[in-house]
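Letters A, B, C and D mark the chains in the order given here, with residues in each chain numbered from 1 onward.
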Amino acid sequence: MPSVKINGYDIYFEVYGEGEPIVLLNGIMMSTSSWTSFIDVFSKNNKLVLIDFLDQGKSQKANEPYSQDLQADIVKGVIEELHLDKIHLVGVSYGGEVALKFALKYQNKLSSLIVANTTSYTTHLLKDVGKCWNYTAKNHDGRAFFKATMPFIYSVEFYEENIEWLKKREDMFVTIFDDEWYEAYVRLVDSAENLDIREEIKEIEVPTLIISSEYDITTPIRYQKIIHEKIKNSKWVLIKGSGHASMYEKPHEFSSSVLGFINTYNEEIKIV
Amino acid sequence: MPSVKINGYDIYFEVYGEGEPIVLLNGIMMSTSSWTSFIDVFSKNNKLVLIDFLDQGKSQKANEPYSQDLQADIVKGVIEELHLDKIHLVGVSYGGEVALKFALKYQNKLSSLIVANTTSYTTHLLKDVGKCWNYTAKNHDGRAFFKATMPFIYSVEFYEENIEWLKKREDMFVTIFDDEWYEAYVRLVDSAENLDIREEIKEIEVPTLIISSEYDITTPIRYQKIIHEKIKNSKWVLIKGSGHASMYEKPHEFSSSVLGFINTYNEEIKIV
Amino acid sequence: MPSVKINGYDIYFEVYGEGEPIVLLNGIMMSTSSWTSFIDVFSKNNKLVLIDFLDQGKSQKANEPYSQDLQADIVKGVIEELHLDKIHLVGVSYGGEVALKFALKYQNKLSSLIVANTTSYTTHLLKDVGKCWNYTAKNHDGRAFFKATMPFIYSVEFYEENIEWLKKREDMFVTIFDDEWYEAYVRLVDSAENLDIREEIKEIEVPTLIISSEYDITTPIRYQKIIHEKIKNSKWVLIKGSGHASMYEKPHEFSSSVLGFINTYNEEIKIV
Amino acid sequence: MPSVKINGYDIYFEVYGEGEPIVLLNGIMMSTSSWTSFIDVFSKNNKLVLIDFLDQGKSQKANEPYSQDLQADIVKGVIEELHLDKIHLVGVSYGGEVALKFALKYQNKLSSLIVANTTSYTTHLLKDVGKCWNYTAKNHDGRAFFKATMPFIYSVEFYEENIEWLKKREDMFVTIFDDEWYEAYVRLVDSAENLDIREEIKEIEVPTLIISSEYDITTPIRYQKIIHEKIKNSKWVLIKGSGHASMYEKPHEFSSSVLGFINTYNEEIKIV
């Protein structure tokens, strides 16, 4: 179980396969174990690195509040530990926000940047949503927490088709999430509260792919459009029929969009 | 202060103006007083009737659970009290659901039907959203309740532009809503939980207008499409840039869509 | 048959009803007779004025090229002839472009402005489309002209549902349109070729409604968004399921949107 | 210059690289030479096969009308000539229609199916568009042909940004396209006129990816939705900001979507 001490915290990571390295950054409720089904396909032609952010999974819990800048430094620490020169950095939701922050600080470490279901700005509405999530988290009430968060994660369509699976997930929430988990979750939400890099990101010049979902209500398409407009020459695809958690709802579309971009991007394809 | 006893409950209503009658049905968190700004324009050429549903505003609180069918009967009771033969029935959100139920039971009382930001089915996702609303309501915590509900009412855009006004609303929530209000609110949410009239509504044959909002995440456009497909010859317009509460976010677009339909609908305009 | 000489041309117009005056401006292939089905509903509470633009219907044919500014002056001439102080000006497509031009020149004559399926800029693509229209028009080939123009007028859905009606229209084109008509049509298309008032329209301050159609490929929604963004406080509704010719495809939605706005707009409805 | 005689016609094809074979099928105005910029990226890990359909590029011209079934048989002939057991079949627009036909006849030859900007039904509107294209083609007038066809190929946005390049393309049309080319083009358009396999395609069971473009007016997204609904478990992504010719307008998004699907699709990625 590899881990490395970064900024005083033990950070857990996993490495699979060989090839141009891909670093996958988790969404806020996820951990390295969320990617189990994806390991084979992502490590087939690439070295795959999974990381638990501070306050996630097997990484250490924080002892004070922090911002997403610290998480970006944690990613930096892991790739230094692994002596990786350049990486393809892929982030979903919270992980995409950290990926944008990373690109602003350490752009020369990037071969490419892929941000799925991500925003460059925590809107006032999203702040209130986060506060509702934290309200239920602070109450350590798994069922309330589930009902506060899941409608922002999955689409109506996914809910309709997978209601039994969701009910089992709810039961699991109640069992698994303990006080420490909820406290860490609250800190993670708070670390994203003041994100606003709408202007700064225009400095990102590495090949960038934006992945949106048709039914994403948490990081709406029109806010992902801002990322597309600011990052010159960024590419943009949308996964039809998916909510915010595109990697869960549409794993094939998600993984083929990401890997297709990483392994076939070629500056020289020019038509005009 | 007119009221009438219906099914054992005192139901409050208000009447303004003269002309073909319009009955406006409230959304779940609204009451007759929510329509103050609209009274002039809606009663200019029409008799306008406002009603507080059971468990809303100045109407009586319920002493047991009920379904939206009871609310439809309450509307029926008010129009009988007023000796109205035919009405134009306009419902927003919860009120639109009651309007659909009313149309199924008492279609011969309708000159036309207008449903804004309404669904004919409470999806599994929406049920969970309702349970989150009720969780904060049962805790009688105004700030948590505000943060649980408002992101489903207003668009991101409205939030960005009116954050100071929203903060004042939040302060007001804390002051005004008392235990009795919250308990009534919980019953109202529960009364909508099992709504599923997706098939039945194909029997509605009166002139019908569906009003959707571009950014409505609570009753998504694709679920309003079901209403349009089932109700033969229903008309359908969408208000650009608005969230779920179109009457608040875009009052001119809302009122001109409603009144334009009511006062100018003419079977004989046929092009093809 | 009333007509008036404006800028040396005989201009035909029709007047119906009494009330606040509404002036309806035609799309490029239309004429006063296109509005026959709408006269009753539009003149019920208003004085309705229909106008054939220069090179349309019963108005005179032009003897040289002109721009849409001349058409705006023609509208001015008609309202002077009728001694109208203030008008509600409604334009569809080409007529909406003229309405925007009119607003820029004679804003003090407007009570309100309604532009349906209109652009403030003739894009390079639309210029090429216009040249294709004119190519078939110059060949005086009714069937080719029909096939070049109708796919830009009606939606795929309307086409599917009304193919027999459309085939009869095609037969009619062949019979009715003569050389003089086609030559006038070419001049009308050319008069719109250089339209670009994307910036100027920010000076429009009268109450303005923008009506878009979901499937409009000729004046795409994203170009109508420019009008909305530039004209401060403009209102914006969209007719679901319609192509460019919303007045033909969805006459009830079109007329109720227009008349609802004209007859119920009220500055004082303010929520926030 | 490899070619093979199929159904009596000389059919031209090109082969590049090694790996699981990909066969790319052209849009109606394209030929093998349209893919020049894509050869490197598509043949990096795969054997790439390009084909000129009958009446395209260096393949023979037809001596009588035909349907797209013949083109599907031509694809079959080429893969037999190359002794390919299973192929990944990729078709754009017309080529996607042939790919669907191929899948219905020879499904056991497919490892996967990718259809970009494709319809399973030639709508009445699209038939009229095709007749307008053919009208200008039969007149052998390159400039009219350009203006009749390009607005259905490229988005408004692409037109705005690349107008000088488009003007050069127009000049090229006038020079290059000869009578024989136009006659072949007319036959190609006619071969698609009666396509309607909306129901049949529900029999397709191979892994299928549908690629749509946000601004595609020729094969609208809502008609590609039919393909998605009929082909069980088909995957669906949309390229933002592109018109019908996604491979030209957004070559990186197009190629990474296609290659990501072909090279990473894995039945075993299952979340729920």
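In this section, contacts are C-beta pairs under 8 Å (C-beta built on N, C-alpha and C of every residue); 3 or more make two chains touch, one makes a residue touch a chain.
Because the structure is a prediction, the values reported are computed rather than measured.
Asker: Give the label of the chain whose average Cα location is farthest from that of chain B.
Answerer: Farthest by centroid: D.
Asker: Between chain A and chain B, what is the separation of their C-alpha centroids in Å?
Answerer: Result: the chain centres lie 38 Å from each other.
Asker: In angstrom, rounded to a whole number, how far apart do the mean CA points of chain B and chain D lie?
Answerer: 49
Asker: Could you list each pair of chains that touch, in label order?
Answerer: Per the contact definition above, the touching pairs are A-B, A-D, B-C, C-D.
Asker: Across the complex, what residues on chain B touch chain A?
Answerer: Of all residues in chain B, those touching chain A are 123-126, 128-129, 131-132, 135-136, 141, 144, 146-148, 150-151, 154-156, 159-160, 163, 166, 215, 217, 220, 222-223.
Asker: Name, in rising order, each residue of chain C that touches chain B in their complex.
Answerer: Listed in rising order, the residues of chain C that touch chain B are 37-38, 40-41, 44, 162, 165, 209, 212, 214, 228, 235-241, 247-253, 255-261, 263-266, 268-272.
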